[in-house]
Amino acid sequence: MDDEPLVRWYWIGDHLGYLGGLLADHAVIALVPVLIGLLLALPLGLACARFPRLYQPLAAVFNIVYALPSLAVFVVLIPYTGLATRATVMIPLTFYALAVLLPTTVDGLRAVPEPVRQAATAMGYGPWHRLAAVELPASVPYLVAGVRVAAVSSISLASVGALVGRGGLGYLFIDGFQRTFPTPIVAGIVLIAVLALATDVVLVTARRLLAPWAVREKAVTR
Amino acid sequence: MNWLSWLSDFIGSPDRRSGPDSILNRIAEHLALSAEALFYASLLAIPLGLLIGYTGRGVTFVTATAGATRALPTLGLVTLAVLLAGVGDTAVLLPLVALAAPPLLVAAVEGVRDTDPDVRDAARGVGMTHRQVLLGVCLPSALPALLAGLRTATVQVIATATVAAYVGLGGLGRYVIDGLATRDYAVTVGGALLVVLLAVAAQLFFALLARYALPPGIRAQRRPD
Amino acid sequence: MIRFDGAGKRHPDGTIAVGSLDLDVPTGRITVLVGPSGCGKTTLLRMVNRMVEPTSGRVLLDGTDVAELDAAKLRRGIGYVIQQAGLFPHRRVIDNIATVPYLLGQDRKKARARAAELLELVGLAPETARRYPFQLSGGQQQRVGVARALAADPPVLLMDEPFSAVDPVVRAGLQDELLRLQSELNKTVLFVTHDIEEAVKLGDQVVVLHEQGRIAQLADPHTLLTAPADDGVAAFLGRDRGLRGLALRPASTVDVRPTADGLRYGSWELTLDDTGRPIGWIDRAADAALLPAAGYRPATDTLRAALDAAVLSPAGVAVALDAEGRALGTATREAVLAALSAGLPAAPAPAGRTTTGRAEDAPATDGDPDGATGGR
């Protein structure tokens, strides 16, 4: 190890196409689950806002789901989805994303001040109509904040999938470790950070466009 | 696919009863490594976070940096650390501490900053020194946040300690990794279920702690959340 | 005594909170700083215990510049009460009250014994001691806040809008309690409020502040209400300040017709029970039911109470009562009005007034409201 430098640039130069392929695979494995998670979180969150009793048990379940170590969950899924398939990694990532996004959706929907809510009702909005027209737009800053957390975590977690044969850039860690060759590992860490940063920039821009009134970032508790 | 037979194979094996690969030993290893990482992370992050939260200096930096550390891939950090420092607890401890520290730091900062400003004002007003305000007023009111941060950090560390088995460390991850390597699915699944159980138990532990160990005035204050 | 000696505060961004203020806060009295938000009153109060450091001038406490004292030690010698009470949520009420004694290094037992005394002094039940702040109402929390401020028996008390966050009924109770405490303890109190009613009720001396801490008027409440320095102060005092001023004057100046001299006014007669307590007014001409008799206590009540009783009475006569509620005598509206004018600066001749139709009609319509409206 002593004579091996942290990064051998020629290796990166020789493998640009290979790295690009892994990056694309990683983006799909990590981000499609967030998208699906969002699509699930919206109706679930609306239902929870409409029927508050639903929320407590759901929140408790997702709290536990979120705490499950990813490797263990990947492994448990293998008999059903197969070794080294995208589904083995993407299904758990979807649940992790949902576990982050459901509370933020509900928080966002609840963030509308009570007087505003009552004014909307007084003007003749029905409960569902009001949720869609008043509370949903107001929750956008919360949603975006939640998606940011979910996306970054998902990008980082996806690399663990390499241990069950499908982890996008995570494969570089295994490759580098087995060959005692740090360059791929460093490349993997950097590319994952870059992917996370790029995603984050896209999301912040999206928030500026979708919710120009929200000056301040809303906090996410995870 | 037969879960029952896998589990009975896993638990039934004499290796699980005693010796280095026994369930008790693996759990102990897993807990010891996690606890050690959490201890160092707390030692580092909590006092620093309390200070930053109290003075208000560097808060933006902390929140921005802590968010960014989420992007760090645990497997990458662990493999890199081992390549650079050689197999051993210290090599793995470093990334574990690096992963556990940010949530603790943020929790301490936010917890102190969330102290009711009137209470802080009153504390100064009755003649408490900065040290007395921080330790006697802000710290107790930051306890719920700190506990939540510790929970997040613990979850994170237990998961990462599992992954750390890949580089040759003990703990429950051993079963998962070795099972995968030898195509012994019974061992893999058994290990995975134990990890899940451990994570749930840790969650439960912190839920109970938050319920019963917080000072009553603080606990009740948080109830409306 | 607290002395503000050209004290001023300019924020780092250049805005001026307080320009330059000279003010003496006399020992053993309540001085109220009152003014709209942004007038710098809280800034001034916080200069005294160095929660705010003046950027110009000095604040002297019994002749010593507070800037020369150790801030924490200074504060332990000054009681401090704020709007939201600021109780420590993790400490029981008793330990909240004992905060300063603990800080001063008193042993736990002694400090708690003292805290228990204070709990009683501020009118809270002994079992409150073991409660946590969240278990108390807003008014109770404020009482604990006051008790905490008094725990080390500081000669000076700073109160920053202490009663603003509680509802009006509770607030009135807390104000009365403060006045009662002050009559026993004689602290030097600097009290900040935006509520002129409160200022007039509590202050021995009231300082009306304009923006940047400029003194618009410094006067005792009575002078303030009757002779505001300018239109601005008059506007801040609001309407019916004359009427409110009556609340500052004792009812003892009203001429009372002793019970022995008769209880009959026209067809109305006041009936008393065996012990001398009034039962009510009865209209001998109409043979109607008894109407309640409104009364006031000359020894303790204000002119406002006397006037109120006279206005409420069907006979137009207030009943003067002793401490036990027995009738001492009666006072007509005329007698109350005479007492009102007695204390005022000579009123200018009511030029023009007497020519109005209403004044001419007055004798005929006295006590007959229907007549005043011109017959329906």
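Think of it as A, B and C in the order they're written, each chain with its own count starting at 1.
The definition used in the following text is that a residue touches a chain if its C-beta (ideal position, glycine included) is under 8 Å from a C-beta of that chain, and two chains touch if they have at least 3 such contacts.
Nothing here was measured: the structure is a model prediction, and the numbers come from that model.
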Completion exercise
Looking at Cα centroids only, farthest away from subunit A lies chain C
Completion exercise
Chain with Cα centroid nearest the overall Cα mean is chain B
Problem - Interchain centroid distance [CA atoms averaged], subunit B/subunit C, Å - result: 57
Completion exercise
Cα centre of subunit A to Cα centre of subunit B, whole Å, reads 20
Completion exercise
Between subunit A and subunit C, the Cα-mean centres are separated in Å by 60
Problem - Sequence positions of subunit A contacting 2 or more other chains - result: none
Handout entry: subunit B - residues contacting subunit A, complex
Key = 1, 67-68, 70-77, 79-80, 82-84, 86, 148, 152, 155, 158-159, 162-163, 166-167, 173, 176-177, 179-180, 185, 188-189, 191-193, 195-196, 199-200, 202-203
Exercise for the section: Could you pull out which subunit A residues touch subunit B in their complex? Expected result: 1, 6, 63-64, 66-73, 75-76, 78-80, 149, 152-153, 155-156, 159-160, 162-164, 167, 169-170, 172-174, 176-177, 180, 182, 185-186, 188-189, 192-193, 196-197, 221-222
Handout entry: List of subunit B residues in touch with subunit C within their complex
Key = 116, 118-129, 132, 136-137, 140-141, 215-218, 220-221
Completion exercise
Listed in rising order, subunit C residues that touch subunit B in their complex are 49, 51, 71-78, 80, 82-92, 99-100, 103, 132-135, 145, 148-149, 158
